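What follows is a pair of complexes built around subunit A, which joins subunit B in one and subunit C in the other.
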Partner chain A sequence: MAEKEARKSMIKIKPKKYKVGDIVKVDFIVIHPMETGLLKDKKTGKIKPAHYIDNITFSFDGKPFTTMKVWETVSTNPYFSVNYKVTGKGKITVDYTDNTGEKNSKSKKLKPKG
Partner chain B sequence: MNRRKFIGLGVMAVAALPATLSALSTIDFRATKPDTWTAHTVADGIKALYGDIKPEESGVTVKAPKVASNGGAIPVTVKSDISAKSVAVFQDANPESAVAVFNTDKDSIIDYMFKIKMKKSGTITAILEGQDGKFYKGAITIEVALGGCEG
Partner chain C sequence: MKRRNFIKSMVAVSAVVATPMVLMGKEEAAKAKRKGPNDLTYAAAVEAITGGKEVKDSQKVKLTVPEIAENGAVVPVKVEIDHPMEESNYVKAIHVLSTKNGNVRCVDVMLTPANGKGYFATRIKLSTTQEVVGLAELSDGTFIKAAKSVKVTIGGCG
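Up next, the complex of A and B:
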């Protein structure tokens, strides 16, 4: 497994067109194994070490609006959907860390029309 | 509702918007409540996180498919109209019960959707800690056709 490479992740804003004051869905998907630390590797017979995302912060222009602590029960390649009321132009950033200390972030611009 | 009233409401809503985005209190539950993480039953998890509480059995909606074909990714939706301090989600099928804890503030919209894995059929429980200090609870029992922890 190539653990060190930057994770693939994606943020989607739904619906595509929105105005100030609308409530939008912020979908966040990341490619991550989310190992529980309880399973055996079928080839080697050794227990795979736990490796899962434990902290996620959704913020708008540096101000967090939802933070979550996550445990290994969350599925492989986690998907989170959070609702947010648009207050203006800015950037939505999702920062996430996992239990091995890996830190990543992904951001997307918010461009309300009208 | 007549047209004039309707326009008035709209103006009020827009005016109320920018004022409210207070700082979010970020509590590191992993550091402050380490027992939550290692709790093996739902009751222990709730006790470790919030202490001895008697939540009201209403106010929180947990949605999930009644029969999940794949236990590896069960979509779970947690919804509520109550303004909350934090929302915690637990399940009783896996060795460790805690799923996720959301920190929110009074302006946050409690409508979260995420995917979890479950080893076998069980109950998903959501506990909401309101701004008023009360606790609310929602739960759903689902069947899992194929366990999700076998890889």
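Up next, the complex of A and C:
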């Protein structure tokens, strides 16, 4: 792709303090245009091609626990939130691909206290 | 008499000829309007998900959407399912659908028991005033759903 630079994305764990066995919220936000393929570019008058995230995988230490199939109906700069039951220390990784074949991933460490 | 009959018949013929053409024009216009890459109607989408199985309305599915969305481009949707998440009995998938968008499918989320709870939240686009549907598949193969209508002031699908 032309845009080689990594997309800005963020993983948030809520609440901030958690123990082993707690259920935490894992929020994933990514800066992405999510074009539907229906809108016209106001400057050129051409229809912008569809460009949206289509697959997301949430995994913990390499083991996927949630997979998503996403369509263009999701808003610009999408936000996805799922729950996860903390089993111990490790790393949460989110891999996502879009319909143009762009691949990215983001990870965050899980540090349960107590 | 002859003239009257002739006019009557002409009117009838023109009506017969004209109506399908008008209808055709409308259908074509509708098709031209919707040319997204993944267009699918609501009934077809539900059948694709369930495979023809019955979908029950259930109190177990808690769907949180705003009653009035001023901006259709960003509508927060939250789906919570009051169901245990054990190895043998869990929520397998959550599907977020809308009834009147060009492509009614929004997200298909495949869950596992590691999630701990059947919960999913996101933000979607809505083109007009319509219903948002949260459809859940349980591990025993049954489907439950909840639907809520959202009033959209400005459409967000382009």
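Keep this in mind: the second predicted complex is superposed on the first by the 112 of 114 C-alpha atoms of A that agree within 3 Å, B and C clash if a C-alpha of one lies under 4 Å from a C-alpha of the other, contacts with A are read in each partner's own complex, and residues count from 1 in each chain.
Everything below uses one rule, namely that a residue touches a chain if its C-beta (ideal position, glycine included) is under 8 Å from a C-beta of that chain, and two chains touch if they have at least 3 such contacts.
Not measured: the values here are computed from a predicted model.
> So if we stack both complexes on subunit A, do subunit B and subunit C clash, or do they fit?
Superposition check on subunit A flags a clash between subunit B and subunit C.
> Looking at A:20, would you say it contacts subunit B, subunit C, both, or neither? Reply first, second, both or neither.
first
> Give one of first, second, both or neither to describe whether A:72 is in contact with subunit B, with subunit C, with both, or with none.
both
> A:11 contacts which: subunit B (first), subunit C (second), both, neither?
So A:11 meets neither subunit B nor subunit C here.
> Check the residue A:50 against both partner chains and state whether it touches subunit B (first), subunit C (second), both, or neither.
Touch partner of A:50: subunit C, not subunit B.
> Mind working out whether A:88 is in touch with subunit B, subunit C, both or neither, as first, second, both or neither?
first
> Which parts of subunit A are touched by subunit B and by subunit C alike?
Comparing the two interfaces on subunit A, one with subunit B and one with subunit C, the shared residues are 23, 36, 38-39, 60, 63-76, 78-85, 87.
> So in the complex, which bits of subunit C are touching subunit A?
Going by the criterion above, the answer is residues 35-38, 73-75, 85, 98, 101-112, 114-125, 156-158.
> For the complex, which residues does subunit B have touching subunit A?
Interface residues on subunit B, with respect to subunit A: 13-14, 17-18, 21, 23-24, 26, 28-30, 37, 72-75, 91, 94-96, 98-105, 107-109, 111-118, 148-151.
> Per the contact definition, I'd like the list of subunit A residues that touch subunit C in the complex.
Within the complex, subunit A contacts subunit C at residues 23, 25, 36-39, 50, 60, 63-76, 78-85, 87.
> In their complex, what parts of subunit A are in touch with subunit B?
Per the touch definition, subunit A meets subunit B at residues 20-21, 23, 34, 36, 38-39, 42, 54-55, 57, 60, 63-85, 87-88.
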